[in-house]
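Heads up, the thing below is written out as structure tokens.
Going in written order, the chains are labelled A, B and C, and every chain counts its residues from 1.
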Amino acid sequence: MTNLTLYRPEDYKKVLEAALLAAPEPLSLAELKKLFDEEFDDETWRTLLDDLKRDWAGRGVELVQLASGWRFQTRPEYQVFLDRLKNEKPPRYSRAVMETLAIIAYRQPVTRGDIEEIRGVAVSPNVLKTLEGRGWIDTVGHRDSPGRPALYATTRKFLDDLGLRSLAELPPLAEIERIIDAQARPTQEAHPAPPLQADESAAIAQPPAQSDAFASADASG
Amino acid sequence: MTNLTLYRPEDYKKVLEAALLAAPEPLSLAELKKLFDEEFDDETWRTLLDDLKRDWAGRGVELVQLASGWRFQTRPEYQVFLDRLKNEKPPRYSRAVMETLAIIAYRQPVTRGDIEEIRGVAVSPNVLKTLEGRGWIDTVGHRDSPGRPALYATTRKFLDDLGLRSLAELPPLAEIERIIDAQARPTQEAHPAPPLQADESAAIAQPPAQSDAFASADASG
Amino acid sequence: MEETQKAGAGGNEGVLPGADSPRKVGAGKTASASPAPHVPKLYGEPLPELPRDLYIPPDALEVILEAFEGPLDLLLYLIRKANINILDIPMAPLTAQYLDYVEAMRRSNLELAADYLLMAAMLLEIKSRMLLPRPTKTDSGEPEDPRAELVRRLMEYERIKLAAARLDALPQAGRDFEWVTVWLADKVGQRQPEVSVHDLQLVWLSLMQKARVRQHHRIRREELSVREHMGIILRKLQGRGYVVFEELFELDGVHSSVAALVVSFLAILELARERLVEIVQSEALAPIYVKSVHDEPHALQA
């Protein structure tokens, strides 16, 4: 095996590209720094990575920065072709699974009881098992209440698999959030009557679009 | 999600590239043909694949054809960098190998007898074979003494692998030797000679069987 | 997933089957449910009339029931469908409509209706409290609306439902894109030990210490570049017999500095001193030849 010597920025970029293409997990900057003997500062690394990202612009694969580091992934537009190579399509998660995931993602850490309280129905153990099996949630502790129920939170893999760099990048909760924040917050403290004016409720009384999203999602599953 | 339409050969190549980069197994031609609605003949496919292969020439990853199909893989020359990302500890040479290498590096050209004289023990042929196999030492002549023993010296590859331009760049020792001279005597008792019989038998030490000198080298490196 | 849904519909968890697990309500039971009296019954008590806004044809019932995730989901559906202001829910018609559905579900599958029955009880309680004079809170002076808790829960559930849809719309690894992982080269052999200059230095130092103790004399460190050139020159001589002296000097390479020439010269002298090379000159000013001593006696190169 001949020995490879790195001279130009191009040479370093090739090593970086090969490492990112071959890595089974996203690579953090700290890990990437192990690649070279030379110690580049963060700005140089940023330039190198941005440059590599640009090299891949307009292709079927892109370099993305995720919660746990950098990784190459195929662009969603290409999935329709890649799906043709698969023997079975990946399952779409049921509404029970997605709602449980949403509660854990937005309200974490939560117990199973919290999830049941919000959804108004018992949570099947299989729903939690599905999410744990995917590596998207795990137990981060136990609440100090009778039965010491497990507290669930989302994982890095959840963020990675959904292309998020942090929980702050979760889609913001709907506009009803604002209305509730502005008007229903006192409800949580003193439980007064919610304001009943018709005009204020109009914003949320519009037929929401979310049912459509689910209808189509369910139909394809 | 926008729908992707393929017009130019470039577009097809992008899909092909994305599929091959993301595939968990090598893709046979029959599988690759599933990617597109259009039915290209084998010659067109060959051209497409050869073209893609050429696009990747000179990079850290190459497109190769195996018995089971086509796949992207890293080039062997890049392995030395990719290895650095692995968490497992790299194998280490035994004390016998390292001492022999140090003697050849600092005192070349030397005979086996010279090495034995400095080390105070017989040198196993395996030790020299290990270093020759790595391409770090070779025979540069024979001394005109009884038995005409081979003279060993380090090679160009040894310098390359250690990142040296010439032997003159080996760290000078005078300064450190003086310091050690002043402090060595009490240390000497604390560090008895390692069991050399066992040491000689294996050229590459297993991780647990590391000597003190190596542990300290490891910790500081 | 398949298992999850089956088990989820299995019964004792009280989860309605998801819309994507078409678990049809038994045909026989549906048949008995469909021709149910046009006037719905509430725990055996016939309801006087169906609220017009909330009316859903009985044959749509089966389809709709399967789509609900629970009582909150069903209530939200009824509210949104009737375009009711969630902050001012008319409890009487909503409760009636809800109970109508629950009754149909009870007939379809008693076991699954537990959560729904709990909600039915809650709705009936709120409805009855609405009829009573409201207790006035001492601190705020505002009367407490019996619907407040229900509204809070409905809105929280709706937010989560919406959030779940948005999460589901995000590109998902394995579904909407793939991770790229190329193979490592097959030819990569066993990982070779890495040796640093520092390792070498430490080993040499410890050797020197040991040697000093053992031999009571110091091994002199020689000029490295001379030793290096001794090796270079021996390599040049290898198998070539007598070589012209000048050929051993690189006059146009990277080593062609004056210092390098001197070092090469010293290396040749050292090699001669250690009797590793033989230097011959037939007469003064004639070419000088150098030969590695172990080399087979080749013909003198002219």
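Following the convention adopted for this analysis, contacts are C-beta pairs under 8 Å (C-beta built on N, C-alpha and C of every residue); 3 or more make two chains touch, one makes a residue touch a chain.
What you are looking at is a predicted structure, and each value in this text was computed from that prediction instead of being measured.
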Select the chain at the greatest separation from chain A, using centres from the mean of Cα atoms. B
Between what two chains do the most C-beta pairs come into contact? A-C
Any idea how many Å lie between the Cα centroids of chain A and chain C? 10
Whole-Å distance, chain B centre to chain C centre, using C-alpha means? 30
Cα centre of chain A to Cα centre of chain B, whole Å, reads 39
Give the residues of chain A touching no fewer than two other chains, as numbers and ranges. 1, 21-23, 61, 72, 74-76, 78-79, 82
By the touch definition above, chain C meets two or more other chains at residues 176, 178-184, 187
What does chain C use to touch chain A in their complex? 1-5, 7-8, 10, 13-16, 18-21, 69-73, 80, 83-88, 115, 119, 137, 139-140, 142-145, 147-149, 151-153, 155-184, 187, 189
Mind pulling up the chain A residues that touch chain C in the complex? 1, 21-24, 61, 71-76, 78-79, 82, 90-99, 101-103, 105-106, 118-127, 129-130, 160-164, 170-171, 173-174, 176-177, 180, 184, 187-188, 190-198, 200-202, 204-205, 207-208, 210-211, 213-215, 217-219, 221
Which stretch or stretches of chain C touch chain B in the complex? 176, 178-188, 190-214, 219, 221-222, 224-225, 227-228, 230-231, 234-235, 237-238, 274-276, 292-294
List of chain B residues in touch with chain A within their complex: 1-4, 14-15, 17-19, 21-23, 27, 31, 34-36, 59-61, 72, 74-82, 84-85, 157, 160-161, 163
